[in-house]
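Consider the two complexes below, in which chain A is the common component and chain B and chain C are the respective partners.
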Partner chain A sequence: MDKRRINGPEISVKPIEKKITQTNSNDNEIRKNNRSIENIRPIFIKPNVIKKANGSAYYEAENIKVICGVYGPRSSKRSMVSDEGNIYCEFKFAPFSCNKRCGYIRNAQEREYSLIIQQAFLPAIRLNLYPKSTIDIYITVLENDGTTACLAAAITCASIALTDAGIQMYDLVAAASATCIKGNICLDPDASEEENDTNSKFMLSYMPSLKQITHVLCTGKMEAEQSIEAINTCIDACNSIKTVMDHCLINSL
Partner chain B sequence: MEIIFNTPTAPKDTENVENKQNFHIVTPGEQITSDPAFMRGHGTYTQDDVVMSSVAGVVERVNKLISVKPLRTRYTAEIGDVVVGRITEVAQKRWKVDINGKQNAILLLSSVNLPGGVQRRKTELDELNMKSFFAEGDLIGAEVQAFFHDGASSLHTRNLKYGKLRNGSLVVVPPALVRRCKSHFYTLPCGVDLILGLNGYIFVSKHPEKKVEELSPEELYSDKNEEITFYQRSTIARVCNCIKALAKRYMYINDSIIIYAYEASLPYKISDLLHDDICEVIVEKAKLQIEMQQAL
Partner chain C sequence: MNLISPSEKDFITKGIESDLRNDGRTRIAYRDFIIETGIVSQASGSCRLRLSKTDVLIGVKVEIGDIVSNTTSDNNNEQEQDIVNSQSENDKGRIVCSVECSPSASRDFEGRGANDINNELSQIMNRVLNGPQGGIDLKSLCIIPGAQCWVIYVDVLVLDYDGNLLDTIFLATRAALQNTRIPKVEIQDIGNGQLEFEISDDIEDAEKIKGWEDVPVTVTLNKIGQKYIIDATAMEELCTDTKIIIAVNKSGEICAMQKSLYGSLNPSLLTEMIRTAKDIGKVLIKNIDTTLEHEQVMASRANNKKFGFFI
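On to the complex of A and B.
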């Protein structure tokens, strides 16, 4: 319990939520949210939303809402002798973002995701141009609807924010997520599809113009053929996300 | 709280603008040209003889050199630039200065004028007293003298124009808006001094009563503001808001446009200057005056 903050009452009642009863006409459908397996949620991205940051972006895809701020390149706090710049990333779920309230301090999962995002951007940013400096990326998830999809959204959003900051990159980084439901690869899974722990989760970040993969994350059981299929479908999804990113960047200039 | 409504404006027709002015806008990773005759400049890289963009911005072509200029980026120093910076750290024989660049700039103790003559030797006592010249948080005006091998810039203040800044206010604008001109020190007709730092830091201050040459060494490195009258304060605030208004409308900034913007702003209250509508009126008026002068 954090004494320095205003905490909620100890006894609290969960608000009565309206259950959304989806009338599934046929149970044969693989997904319950009226999307086909290769369908991703419509994306909205807006750069330059935080005035004080060097670059920032807001990302929204239905119930996923992510905001990202980029500070730098600025002089490293610790004076290290290095020819290359370095990236620091902080990924955080806002306390109100998930179904279960999460704390102010980053937990193990958030720290792991911070590292993944850092790794996803290492090959894309021209760090040799920024010696002795740091690029700080701060990502906050405002609403979570599928944790893997949130991670993919965070990478896409950070990519726009980095471009907005005028940081030199080899290419934009787009990311897509997938899950395996009953042997089918479904793109962009939401929270209800992720709840089932037997479904494996898959996330891929990709540089569309250079045709290079920067990071692959796979958790859960997945056959070799399935993972290859997942990689291919995710790459297709990344290509379509890239067109959205390009469009939003050109419109913002 | 007072609520101000802006007059509705039609949404910008971006595609039309692009076609009319023939801008070539690219995003990172986009191919610019595959012609090997072109050279790659800033904001680009080559992959298999293809010139690709590494930032989002407008393609600029000078003869065979292709570069991409991003709209919002940090300042890249060039030798001879006048900059305004803030001291962030006092280290061994040097100060670290934030100049809105990729790295902090460095001001060596050997490249400042110390009180008591230009040709004076630096002693160990000076090294101990460094904080009394410039302390953390102080604003200084300086010139970029050289670069270190790691790309950090070295500043100097070996001129009475440069040195500690006081009696005024700092305005931060995007560095791309400040153009290089003959001089970056101005005294406006409205009675304020202006330093246009090329790094986008602009310092607006009251015009000193004494000339710089007449100042005593203690006054040169003083932290204390002199007495500033209410009228001077409001003029400084008005000039600051005019600069902010120009930056808001992405207008380039030099002395003449600030003077015109100041004149156009006179009918309005200082606190109202940053509302979008008034901004637009002021900037349009200033722009018109500049164009009229150029036509003459």
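On to the complex of A and C.
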């Protein structure tokens, strides 16, 4: 032993570690952003943002920004006689919203999303009260961070805008998205998680009070039981999104 | 638009309630189909499939195309990420699907209404077939990484319509892709990293598409009343308020799922539908594969002749 130096103690003690729960450390390995698997990005919704529109809403969840305007009920352009109203939806990514610039003319994906949003609202709106009329929903995505999450955001946002326009509905429609990373269902995926195309993507829109699914969209390989699990996870997420929507609507009164 | 009277609708709905349909089937029984492959000589692969009166003709063409990378960005921060992306994207071919509903098949396919139907069907096909869930080994379609690849064009022509169009299209697509042959390509290095390729003219050399066995089929479940049926006829489709499309592959995995039409449904019913679709999809794939095998055996016999359009 070297006497000229100050020696450390001969017995050593284990360093005191900060206790980290097992689930958290697992979550961090699955997701690169600091979210746990069932954590959705915080949502901000504000109704009545476009003065000219009958109803409108703005939705923001970190890097997802969606604005929606609802016009109507107004008389249908087509002179077809119908005892039920119809919904027209236009979903558009702003040219600067995505990684790649998208043109002004709607591409096939945007047209498909328009159809999906229309189908998601058909069971919710009391169309029998609006004969011969059309309700127009215009949605613009200002910033895209995960296409599936954007679609879900668009539906949630349109739901608030429709309420703001005073359109009679059976229930609010909330939507949630999920992805399957290494066998784990992760809610609200962002762009980086979506890029990897081995992850399957999942979107579900749901009427929380009536307990009815209004739309479901899923791409990617999944076991049957896993997709059922994803449905249930999304339903839970929709229920929590509903509380945010309720809160926002009450505040706006 | 095709119309249905309220009493007809009631009759069909009540019948389905008691598990008996107009043509005598139970709720989860499929109609028989007739299939014939390789009937269009100009195409790389073709198939005609008839499910009762629903009739589709599919021609597959393989052509050489440029590889397009999905992500291009000028942003410096993302450059590093882009390189990683482009590496993974640069060695993949692609599949382009388009559906054309002939106006002669049904009144629904007239005018602008056809555009929506064509777009919806094409989008579903593109979404299911492009990607790992589609089964086809996209990497094997690559000829020169970063430059050229095979592009598989799947063109669907709907000749006649009696319900359950999407299932018919997917069954036929599976058969047409099984029938498709890609010409053999020889790659030569002509110095300083430049590659050149030559396409072999010999039909004997042509290869099958890798991974056609894993191409999924769809099972469309129609909710009528509180029950659901598969393989609906055109009349039954008019009584449907919610349609769930589920794509299933050979091993029973769910490859895609989508709702269509104007209704909504209970979560518990959806769960039940997924389990039914999984079982039915597996059986369907087994059926079509045995039919195709049988056809190949017949074709290998000496006095083989194609019936083509005359049956």
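Simple rule for what comes next: the second predicted complex is superposed on the first by the 225 of 253 C-alpha atoms of A that agree within 3 Å, B and C clash if a C-alpha of one lies under 4 Å from a C-alpha of the other, contacts with A are read in each partner's own complex, and residues count from 1 in each chain.
Note that a contact is a pair of C-beta atoms (placed from the backbone, for glycine too) under 8 Å apart; a residue touches a chain by one contact, two chains touch by 3 or more.
Keep in mind the model is a prediction, meaning the values are calculated, not measured.
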Check chain A with both chain B and chain C modelled on it and let me know: fit or clash.
fit
A:Asn54 in the overlay: touching chain B, chain C, both, or neither? Say first, second, both or neither.
first
Going by the contact rule set out at the top, does A:Asn239 touch chain B (first), chain C (second), both, or neither?
neither
After superposition on the shared chain, which partner residues are touched by A:Tyr130: those of chain B (first), chain C (second), both, or neither?
first
Considering only the touch criterion stated at the top, classify A:Thr140 as touching first (chain B), second (chain C), both, or neither.
neither
Determine, under the contact definition given at the top, whether A:Met207 touches first (chain B), second (chain C), both, or neither.
both
Scan A:Asn39 for contacts with chain B and chain C and give back first, second, both or neither.
neither
Report for A:Ser75: first if it touches chain B alone, second if chain C alone, otherwise both or neither.
first
Per-pair minimum CA distance [chain C against chain B, superposed on A] in Å
15
On chain A, the residue positions that both chain B and chain C contact, one per complex
207, 210
In their shared complex, at which residues does chain C touch chain A?
70-73, 78, 85, 116, 119-120, 122-123, 127-128, 131-133, 244, 249, 252-267, 270-271, 274-275, 278
Contact set on chain A toward chain B in their complex
48, 54-55, 73-75, 83, 126, 130-133, 163-172, 207-210, 245-246, 249-251, 253
Please give the residue numbers of chain A that touch chain C in the complex, ascending.
99-100, 108-109, 111-112, 115, 119, 122-124, 195, 197-198, 200, 207, 210-224, 226-228, 231-232, 235
Using the touch rule from the top, collect the residues of chain B that touch chain A in their complex.
14, 25, 27-31, 43, 45, 47, 52, 54-58, 70-74, 96, 98, 102-104, 150-152
